[in-house]
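The structures considered in this document are given below.
You will see chain A twice below: alongside chain B first, and alongside chain C after that.
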Partner chain A sequence: MDTYVYKKRDELFERAAAVIPSGIYGHLGPAEGCFIPTSAFPFFAERAEGAYLYDVDGNRFIDYMCAYGPNVLGYNHEEVGEAARRQWEKGDCMTLPAESMVELAELLVDTVDSADWAYFAKNGGDVTNLAMLTARAKTGRDLIVKFVGGYHGVAPWMQAYGSPGILKSDVSNIITLPWNRLDLFRDLLRKNPGRIAGLISTPYSHPAMYDSELPAEGFWSEVRSLCTEHGVVLIVDDVRAGFRLDLRGSDYYYGFKADLICFSKAIANGYPVAALCGQQAFRNAVGAVFNTGSFWLSAVPFAAAIKTIEVLKKIDGPALMHRLGEKLTNGLSDIAQTHGFTLLVSGEPALWNMRLTDDESGVLHQAWVAECVRRGAFFTNHHNLFINCAMTDADIEKTWEIADDAFRAVRKNHAMKAR
Partner chain B sequence: MIDSTVLASINLHAVLRNLETLTQLDADAEDLLNGHRCAIRFSVPGIDRLTLTFDQGRCQAARGEAVPASMNLRFSNADHLNLMIEGKKNPLPTKGFRSIGFLKRQFAGAADLLSMYLRPDIKRLKSDPDFFRMATVLFANTAFYAAAEVANLDPVGQALLAKIEPGSINVTAGDDFQVCLTNDNGLSVRQGSSAAAKAFMSFDSLETLGGVLRGELDGFVCIGRGQMSFKGRIPMIDNLNKLLLRVEAYLS
Partner chain C sequence: MDTYVYKKRDELFERAAAVIPSGIYGHLGPAEGCFIPTSAFPFFAERAEGAYLYDVDGNRFIDYMCAYGPNVLGYNHEEVGEAARRQWEKGDCMTLPAESMVELAELLVDTVDSADWAYFAKNGGDVTNLAMLTARAKTGRDLIVKFVGGYHGVAPWMQAYGSPGILKSDVSNIITLPWNRLDLFRDLLRKNPGRIAGLISTPYSHPAMYDSELPAEGFWSEVRSLCTEHGVVLIVDDVRAGFRLDLRGSDYYYGFKADLICFSKAIANGYPVAALCGQQAFRNAVGAVFNTGSFWLSAVPFAAAIKTIEVLKKIDGPALMHRLGEKLTNGLSDIAQTHGFTLLVSGEPALWNMRLTDDESGVLHQAWVAECVRRGAFFTNHHNLFINCAMTDADIEKTWEIADDAFRAVRKNHAMKAR
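Coming up: the complex of A and B.
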């Protein structure tokens, strides 16, 4: 199988490096994105269509990162684009919000199980932060509990002490517990009566760098009743999993009801909008928090979100992505086995995680992912992957072919002990 | 916040311990020290001792008190040592007065050579490849050995170390530079590489290594260009990078 070459990539990167810190910073960059080795990965996109990403060197990738989640229906989705264009012709960022804001709020309240209201912003981190402020405003308490590896954005309180720029005082009211440990949560509640404002958690554990872990049997129902009993606001950060598991919310999917639930990535198929939804009891508290932004009530992303949700409902997107994810990952595991490797798949199929377990350091997995990318399947080695609704069975079969050839290359390049 | 105890520990176990590497790489240092035998112990309250044993033109650095010393230099506190390193204060020998001549001449000469490399003349760095190589290896040594002191003693460093799983990280710049950092209930550093390392940080040249550590190059850009690369357990590397940032605060 031919492998990709990148030329224009390097020219563009040099231009970027001259004027932008890191060249490309953040999760899309070669460093944070764990492009190992960087020579295997594209850096810049020319365009994207459906399930595919085309880089500046003209290489096509089946894109399993989906822009880290936003691409849920397929890139450049026609109906969503058309809805956005129609709103754009009328106006986007204006001195007053448009009707599309109200329509989207109505649609979310109708769609999301725990939503009696919706409050909009841009990025996921805007609404996870707002949820934290709301929990404190509502309870008058200080402490926020989160789980190990839970990513909620980049505000100082969401980061770790020791990271550049983060002070001890930034995180002094944050308590981090291991995932799925009800005993520790119970213990914490007992030792801190009247002090815990909120618990923020993703619907299941999907940290970068580590395997995903689903909630243990009974975990969420017990967390829900403990939060109710102790007056702790239960915040579900559905920024990553939201609308990929269930349009009614991932809390509904796991059989409980959040007090506050955060959405962003998949809600508008790539148009920038985030939403905090919640139960009636919290609407005065969220309204009281001072929080806003220049672009938060722009009209175009609302129009795009409305269409995205309508289409996801029409085609039952979550069921489709579940089926595609399961088919893809079952096949990948089988192919790994035929080459004498073990691929561990974790998490939910629509946003699965995978890792070769054949070496402790993860070097083999990194090498295999790089070989897949060189052949046109864009995976990353450190983060969960994503399915979108534009993917087809043919894409999955092509990915299997790529994976097979990539395993062969790894076998050849990495001498392994006989097993 | 810079903690003077951490800085003193860096000065002993990252800066002064470099005399060992200096005598391996620099013939002038070897000539200066040849024919002299002396073991100097540096004692600072609350900090692991450092013993530098000079013999046949070479220096060997040892942590703690396992190695016998012929001379003991006592410092009243961490600041006292830090001021000596800046050349603003003298130590108090409490044992080994016969070695004072060695201390004043040979040891002081070697220490001057070391600071010539660690605070290098920029013009010479650019024009003299041997000088550049020595200065970069010694500077990188200081940075990685200092990372261990920061990880073990500094509150920010300890928070970062808590996120580094047990095991080894190999740091290399081809054959020119190789150190191995191991977390085994505390971070330690040694020369060379581990066959069982879980994480790897590689530089394509001493130019990249020195440029990144001195802050003259954008490390993330170097990653994009493939001049600097990581593989294996990335959280180990990520937190080592954050330790190095903290080291910069101590060494600047």
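Coming up: the complex of A and C.
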């Protein structure tokens, strides 16, 4: 199998590095985290369609990053694009909201189990921040509990003390507990009566750099009970998993009901919008928090979100992505085995994590992912991956071929061998 | 002159109030702040074009709110729309950035006086927050200075202690000084050697609820000197004024050079994007801060921003808006006088503030604004107003007519009389 060549990539990155700190900012670029070894990865997109991303060198990738989540129906989805265009012709960012804002709120209230209302913003982090403030405003308490590795945006209070620019006072009211440890949560509540405002958590544990972990049997129902008993606001951060597991919310998927639930990423198939939804009891508190943004009334993303949710309902997107994800990851595990490797798949099939366990350093896994990328399957290391509804069985099978050839290359070229 | 009737507005607001806290969130809606008396204002837009907003009842407004700033070239601007469409056909929110991101950074570095680099996000508040963290990361210091009434986004550290959800610890490192008081800033620096990380300020004082205030003679040059002398990072929040005063930055307009400068709102004529630009010395610090967002690589807003800035350059947008704003506000002041009222105009002509000083309570001003709105000039109370490049001399003259008739109605209908 031929491997990809990058040339315009490097020319463009040189231009980028001259005018943008790190060339491409944050973990979205090659300077950090997910793109290791960077030489294997494309850096710039020329265009995208359906399941595919085309880089500036004309290479085609089956894109399992899905723009880090937003691409849920396929890039440049025709129906979503048409709905966006129709709204765009009337107006997008205006002094007043359009009817599409109200329609989207109505649709979310109809669709999402824990939603009696919806409130919109732009970033996922805008609504996790609003949820945190709402929990404090509602309870008059200070402390927020999160789980180890839980990523809820880049606001100072959600970063780690010691990260550049972050002070101890930024995180002085945040308590971090290990995932799935009911005993520790119970203990904390007992020792801090009337002090915990809220618990914020993703529906399952999907931190970067670690295997994903599903909720243990009974975990969420007990957390729900404890929160109710102690007056703690239960906030589900469904920014990454939302609209991939269950359109009614990932809390519903796991059999419980959040007080507040945060959506973004996949909600409008890539159009920028975030939503905080919640139960009736929190309506006044969220309305009292001071919160606003320049483009929060923009009508096009609302129209796109309405169509995205309608299409996901019509085709039962979550079921489709579950099936495709299971097929893909089962196949990848089998292929790994035929080459003498062990691929650990964790999380949910529609947004899974994977890791070759034959080498604890991660270098073997990075090498295999790199060989996959060079052959047209866009995975990254150490971050969960995403299925979208435009992927076909043929794409899955093509990915298997790529993975197979990539394992062969790893066996041949890399010092790390299977057991 | 006929006054507008609202009917569909109230039906739609009833639907909104059922599913959205406050119906329309924050100060963007009738529940708070700017829309007093609410009965006079439209709440929902049907469409917008050029200088005009059309509400759901079919009323047309000359829109001096300009979407709170983003509308700088006119709604649904043809060239900007065409640039956005071209990029949209290739791809918008993708796993990787498109070339348009690099091109926009290059254009900003070429255009903005204090920009050696650019870093993009979605909300103005994303980049004021990033600037604050960069100042701390660069200096290793904790304290941030701002000016009274300075609005820099809704992050907890920028809100007021006592506002719902905000704790004392959120604002414990923020020091607030009165505007234009060099003596107090000097004093603060002397008393806190090596403790001030940054000063964040709009280029002139334009708080909601108060008259705007321009920088006093020599203010900025002395602030610049003091910041340099004491190693304080000088952050200009140009989110509201940017691209209306001078395309090279509002710091350039006032004759000084910021270390970091924040843009959003007008940068892409309504497409959602924000930019932090800065001098070389801060490149590594900003790159080290952890900062990311779901839609920050989206290519369409970059393409729209490029075209917006190109068109603003071509037509000299700032000069045009200055002229139109001066003509409008001079005329409004004269018309007020002919009715025996005094209209105080403050700030810059392209984004001015105004207030009838004949009544300190603000009720007379609200009544006059309400009469203007009911006749098709969309002003709000207690917030600065915006000119855009699609406005014509005919629009200004039409606004004078409206204002004239509105003064007549105020004289006739309201208890508050002129002196």
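The rule is short, and it goes like this: the second predicted complex is superposed on the first by the 413 of 419 C-alpha atoms of A that agree within 3 Å, B and C clash if a C-alpha of one lies under 4 Å from a C-alpha of the other, contacts with A are read in each partner's own complex, and residues count from 1 in each chain.
Definition applied: contacts are C-beta pairs under 8 Å (C-beta built on N, C-alpha and C of every residue); 3 or more make two chains touch, one makes a residue touch a chain.
On a predicted model such as this, the values are computed, not experimentally measured, just so you know.
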Simultaneous placement of chain C and chain B on chain A, clash or fit: fit
First, second, both or neither for A:52, with chain B first and chain C second: neither
Which superposed partner A:22 touches (first chain B, second chain C, both, neither): both
Contacts of A:38 with chain B and chain C, given as first, second, both or neither: first
Partner chain(s) touched by A:220 [first = chain B, second = chain C, both, neither]: neither
Contacts of A:361 with chain B and chain C, given as first, second, both or neither: first
Contacts of A:209 with chain B and chain C, given as first, second, both or neither: first
First (chain B), second (chain C), both or neither touched by A:162: first
Partner chain in contact with A:379 - chain B first, chain C second, else both or neither: neither
Chain A residues touched - chain C or chain B, whichever exceeds: C
Chain B and chain C, minimum CA distance [Å, superposed model]: 6
Residues of chain A at both interfaces, chain B in one complex, chain C in the other: 21-22, 24-25, 31, 43, 163-164
List of chain C residues in touch with chain A within their complex: 12, 15-16, 18-22, 24-28, 31, 42-49, 53, 55-56, 63, 65-71, 75-76, 81, 88-99, 101-102, 105-106, 108-109, 116-120, 122-126, 129, 132-137, 142, 154-157, 159, 163-167, 169, 172-173, 239, 264-265, 270-272, 274, 283-299, 378
Complex interface listing, chain B residues touching chain A: 155-157, 159-160, 163, 197-200, 218-221, 223-226, 229-235, 239, 242, 245
Residues of chain A touching chain B in the complex: 10, 13, 17, 21-25, 29-31, 34, 36-39, 43, 160-164, 168, 209, 360-363, 366, 382
